[in-house]
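In what comes next, subunit A is part of two complexes: it sits with subunit B in the first one and with subunit C in the second one.
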Partner chain A sequence: MPSEGIIGVLNDLWIHYKDQTSLKLKLIDAYLGYIMVTGIIQFIYCCLVGTFPFNSFLSGFISTVGSFVLGVCLRIQSNPQNRSQFETISPERAFADFIFAHIVLHLVVMNFIG
Partner chain B sequence: TRFPPHSTQRNKMESFKWVLVLLSLISASTGSKSGKKTLVLLENLSIKETHSVFFSDLISRDYQLVFKLADDSNLALSKYGEYLYDHLIIFAPSVEEFGGSVDMMALTDFVDHGGNILVAASSDVGDILRDFAMEIGIEPDERETAVIDHLNYDINDRGDHTLLVVDPSNLINAPLIVGKKTNIPILYQGLGLVADPDNPLVLEIMTGYTTSYSYSPTRSIEDYPHAVGKSTLLVAGLQARNNARVVFSGSIDLFSNEFFASPVQKSQVGSKEYQQNGNRALSEALTQWVFKEIGILKIGEVKHHLQGDNEPPAAYTVMDDVYYYIEIQELVEGMWVSFTASDVQLEFFRIDPFVRTFLNKTSDGKAYYAKFKLPDVYGVFQFKVDYRRLGYTHLFSATQMSVRPLEHTQYERFIDSAYPYYLSAFSMMIGVVLFSFVFLHFRDPNERKKKDN
Partner chain C sequence: MGPVVVLLLLVGYASAEIAPSLGDVITSRDQTRLRELFRKTPIDSLTMAYYVSNGLRILGEQDNSKKQICSYIQQHTPDSTSLDTIFYATSVDALYDCEVSYSSFEKSLKDSLKSERNVSELFYIVSSLTNIGSKVDQKLLSPSKLLDLAEQEESILSYGQAFLTASLLADGDLTSLMDTVEDVAVQADESPTSIYFEGGLETTSTAITGIVRLGTKTGNRPTLSALQATLFGKYFLSIKYTETVSEAWYVLQAVEALAHNKFFVPTGVTLVNRLPINIHNQKLEVHLTNILNEPVPPSDIKLVTIESSSGDKDTINKSFTSESDGITYSYLLFPQVASPGGYKVILSTEPKTASPVAQLVHVELPVIVSFSVVVESAEISIIERDQNVAVKTVPLQYPTTSQDELSADQHSKVKMTFHLLNKQNKEKVNVHQTFVRLVSANKEEIYFVATPTNIGIYTFELDLADAAKEFFNSQSGTYEMSLIVGGMSVENPFSWHIGSLNLKFPGTPRDDTSEELEYRYKPRPEIQHLFRAPEKRPPTVVSFTFAVLVMAPVVLLVPVWLLLGGNILNITLSGPWAIMFHVGLIGIFGLYYLFWVQLNMFQTLKYLIILGGVTFISGNRMLRQIAKYRSA
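What follows is the complex of A and B.
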């Protein structure tokens, strides 16, 4: 039956995720979840209140989106299963890139937030 | 050799006398700046006698009248570029051509330079007066025509119903031009005029009745009359854009001694008889208006500054509170007194008006002021006062000033509605720091287990 199919697939996905992913990746995923929630809250707030200081809205929203993207990059590069694609990039290098990009992102956000 | 003492004294007296003469000449020439020098052009010298009351009224108001015949060959309105007269009265209806250097161009130049003209015509009107009237937007009827009204003629009319009794309700609603409202009628006999409908400056000072028309009194009517009903003008006027005033009356008899003295009564049975008609009062009011004794406005001091300051800043800023002050004066009996209307408006203008407000009188009643907030628009603006009212000269004042946008430091620092965005940006930063702490010091318990094993 279809409903059972979809719920069954999601259930399987969740169980597989709980067992198979390492704690490190789950940590990154929790962090990404937090960023997404902040971003969604901001977007709903903007829809309700209007875009008055549009630059502030943009910079707040882009800060969440940018952090999310950088977090996803870190997760991809830290996953040992992807090691074959990232031969030249050690985990330390991935983390260093993550921090450097964050510095640039937050500099831009602070400038634009008005 | 020395001069004897008494002759040096005599020389001094002589030179002193000459200085006195020179001074009196200078003062006499500047005395004409009061604006009363009037040239009166007459058709023939008898008009001076038949209209003597009118002229003596003017002389009693300090007008300096210079009488000349209209075809005098020495006539000149200006000499070496300067105008010799301030006003002109033309009581020469049938003249075909003026003498000397006066022609239509000279008359219109006279008006262009601010001179005022009072013209009176009659049924016997010459072409040059008709042409001049066309120049000022008035079209008189042809020669040998008159205004006829079969229901409103005087009891002394000679049968062709051209001696009209004009009610004061036919006068323009402007006490500045025609004097205070009365119910005393006016006697009129003369030419009919029509105003050019495209000319916005023509004033219909005295119109006919709905039953009036302008046609030859001796011919039977074959074509449509030149003027019919209320659009038949009896006295018309114009205030030019340079505030020069012209009054054109279709009847020279309106100003005559005979009409001033005659009683007036409509021919209909039961009409009231007035021993005294309104002609003399009307001609006094008309001459007061046309020769600029009345209805003249001028602007005194104009000031503007921020509310609370005394001096204007180099440039205003958007949304400032501004105070504007203007003195307007009116000429009343030869003296400038403060103007007292309550409908003067101020426009704050940059291509379009952004603010339009009434001016209020100051507490001492001598000037007008306005207080308002500048709009949230920057640019170069003007404070404009543009006052046009019937019978008054056109009052115009424009003061330019600039309005700059807010300086970088004049904006709100933290906008209330943007606090969530500030919060989220900072929380992202704190989140990164915390996350990287945890991430770096992270030891995978599975690996630990493996290591232990």
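What follows is the complex of A and C.
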């Protein structure tokens, strides 16, 4: 039964995700989803009306992409299952890095937005 | 100018200073023009009286205007508060002796020396006192005071006026002023052909005149080289065509100083005329004069080299003969140089006795050697196009017009051949311009070029079938044919009416359409300037909608977080640092918003450092507490 195959796999994945993932990681995932949606909407707008003014589009898009990347970093570093790879970086330190990088990113974005 | 400077450095002549030729002088034509300019000027102020009287003096004519100027200054007393008017009036009186007495000004002038004055005022005061015969000695004004003031004022004009004033003083040590001449001279700006001071004509003229007068007064040579004097001279010569009386005066004042001093007299070698050299005009004549077109002490002028336009150089090294008028020197150039064309002759001059006149080592003058041209062996043929056989050949005799009727149509070619010879030696020559001109009955002209197949052997060929549409507009008729010959070295350019050609073309002439006539002979439509169209923006609705859409997901995010069970309330658990951290963070993003709308990067960074510091410290503490809380 083909439908059961793919949908079944996805369903299992979803249930597994809901149960196994800690709250903190789910929060970060929700945040990442939000960032991605924002980026997609910006991209659709650009496709519709063209790239003028290009600097504004770039700054907005890079803001979403940068935030997404930083969010992913935070998620990786906060996941206790990855602890072995990140011995020296505590989740708090990961969060501090996250905030600092965001501050720098947004300064640049605001400069470029025009 | 560069090569000349190098030349000067390489060749250190001890006897006379080397300088370039002036290239131009105040010629007698220029002097006549300037005299007219001064004579025609109405004397309506003491300033004009001064310019005109002294200008005419330098130009060698002063008596004619004496009465008019004298009556003016008799009727107009200078304003005792304007030092320059006193200067102008006393100067005119000193020159003309107009029976006016200015001794009443003596006391006030001497008194004014006691108070603080600038250099310009001192110049007027001292000059006026000297003009009325009152001596100014160093008790009243010392040269060192002038130098101090000029140094304070820091302008070349002040230095020039200081030099002029100092040279009028009855006594005083002028060495320190003389020492500054060199420093003043180097401040001149360079142009491709001359040097001048930044202040312009008045400054440069005052400075040069001052330097010369200072030298004359002390008897010592001011530190100005012959090269510098010549280059300054060239600057004044560039202004000699002025129609302004004040400018003419400043030019003449400076030029007189350069011509009549014992130290550096710029010299110029100029061509007497621009007539070409040929069998009728065999002598190359030049003038050797100072800048005022006056004779200089006898010099030996040598013709060093003759350079042809093709680059061949001939070294001659023979002397010119001096004529009796003291300024003209001649050299018999023809028939030594007989080949027609353009040449460059290079001369050098050497004064025979020691004098302040400069030695010119490299003077370039352009010379044209010309010749008379004759046409021989001319004939015109009508050739059958397909078979290339001459149907009719008519010999032509310059300068007569042929009476033969020549007809041709689109099946023929018209061909003309002729030889051009130098009348004198019968050699074949090429000239610059050989045009064949055809004129229709309606006075429309068509020009063609006859080309040489060999030196002096010219051909003109006209293929009527090809040329019909392009040149003749298929217009049949009788055309008058002429040969036009000319060139730079041709003494007798001519237009020779050869005869009439009856041409027949197929088809009909095409008249200009009315559109073409409109386009060609009427004004064109005006071009309206189109400013750059602004970039197309999407409609406001669209962009507004998307702005809202982009910000919308936040509205979804917070409920999702809450749904997932995020604990916003736990913030207070982490203590005061957490609140401060969040406040700091919100503050930073608020600052970023202000940065976008108002602030610049520097201001933003300034505030960011403060806010960032607060946020960092509180964040640090907050996270430490969380970590402690977690591990506890």
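Quick note on the criterion: the second predicted complex is superposed on the first by the 114 of 114 C-alpha atoms of A that agree within 3 Å, B and C clash if a C-alpha of one lies under 4 Å from a C-alpha of the other, contacts with A are read in each partner's own complex, and residues count from 1 in each chain.
Here is the rule we use: contacts are C-beta pairs under 8 Å (C-beta built on N, C-alpha and C of every residue); 3 or more make two chains touch, one makes a residue touch a chain.
Note that the structure is predicted; figures quoted are calculated from it, not measured.
Undergrad: Check subunit A with both subunit B and subunit C modelled on it and let me know: fit or clash.
TA: With subunit A as the common anchor, subunit B and subunit C collide in the superposed model.
Undergrad: Could you say whether A:95 touches subunit B, subunit C, both of them, or neither, answering first, second, both or neither?
TA: Touch status of A:95: both partners.
Undergrad: Can A:38 be said to touch subunit B (first), subunit C (second), both, or neither?
TA: A:38: touches subunit B and subunit C.
Undergrad: May I ask you to decide whether A:48 touches subunit B, subunit C, both, or neither, giving the answer as first, second, both or neither?
TA: Once the two structures are laid over each other on A, A:48 reaches subunit C alone.
Undergrad: For A:28, decide between first (touching subunit B), second (touching subunit C), both and neither.
TA: first
Undergrad: For A:59, select first, second, both or neither according to whether it touches subunit B, subunit C, the two together, or no partner.
TA: A:59 sits against subunit B, while subunit C stays out of touch.
Undergrad: After the superposition on A, what does A:72 contact: first (subunit B), second (subunit C), both or neither?
TA: Neither subunit B nor subunit C is touched by A:72.
Undergrad: Among 63-71, 153-161 or 225-233, indicate the stretch of subunit B whose C-alpha atoms run into subunit C.
TA: It is 225-233.
Undergrad: Per the definitions at the top, what is the overlap between the subunit A residues touching subunit B and those touching subunit C?
TA: The overlap between the subunit B and subunit C interfaces on subunit A comprises residues 23, 27, 31, 34, 38, 41-42, 45, 49, 52-53, 60, 95, 99, 106, 110, 113.
Undergrad: Taking the touch rule as given, give the residues of subunit C at its contact with subunit A in the complex, in rising order.
TA: 535-538, 542-543, 546, 549-550, 553-554, 556-557, 560-561, 564-566, 585, 588-589, 592-593, 595-596, 601, 604, 608, 612, 615-616, 619-620, 623-624, 626-627
Undergrad: For subunit A, which residues count as touching subunit B in their complex?
TA: Within the complex, subunit A touches subunit B at residues 22-24, 27-28, 31, 34-35, 38-39, 41-42, 45, 49, 52-53, 56-57, 59-61, 63-64, 67, 95, 98-99, 102, 106, 109-110, 113-114.
Undergrad: Inside the complex, what are the residues of subunit B that reach subunit A?
TA: Contact set of subunit B toward subunit A: 415, 417-418, 420-422, 424-425, 427-429, 431-432, 435-436, 438-440, 442, 444-446.
Undergrad: Can you tell me which positions in subunit A touch subunit C when the two form their complex?
TA: Result: residues 23, 26-27, 30-31, 34, 37-38, 41-42, 44-45, 48-50, 52-53, 60, 90, 92-93, 95-96, 99-100, 103, 106-107, 110-111, 113 of subunit A touch subunit C.
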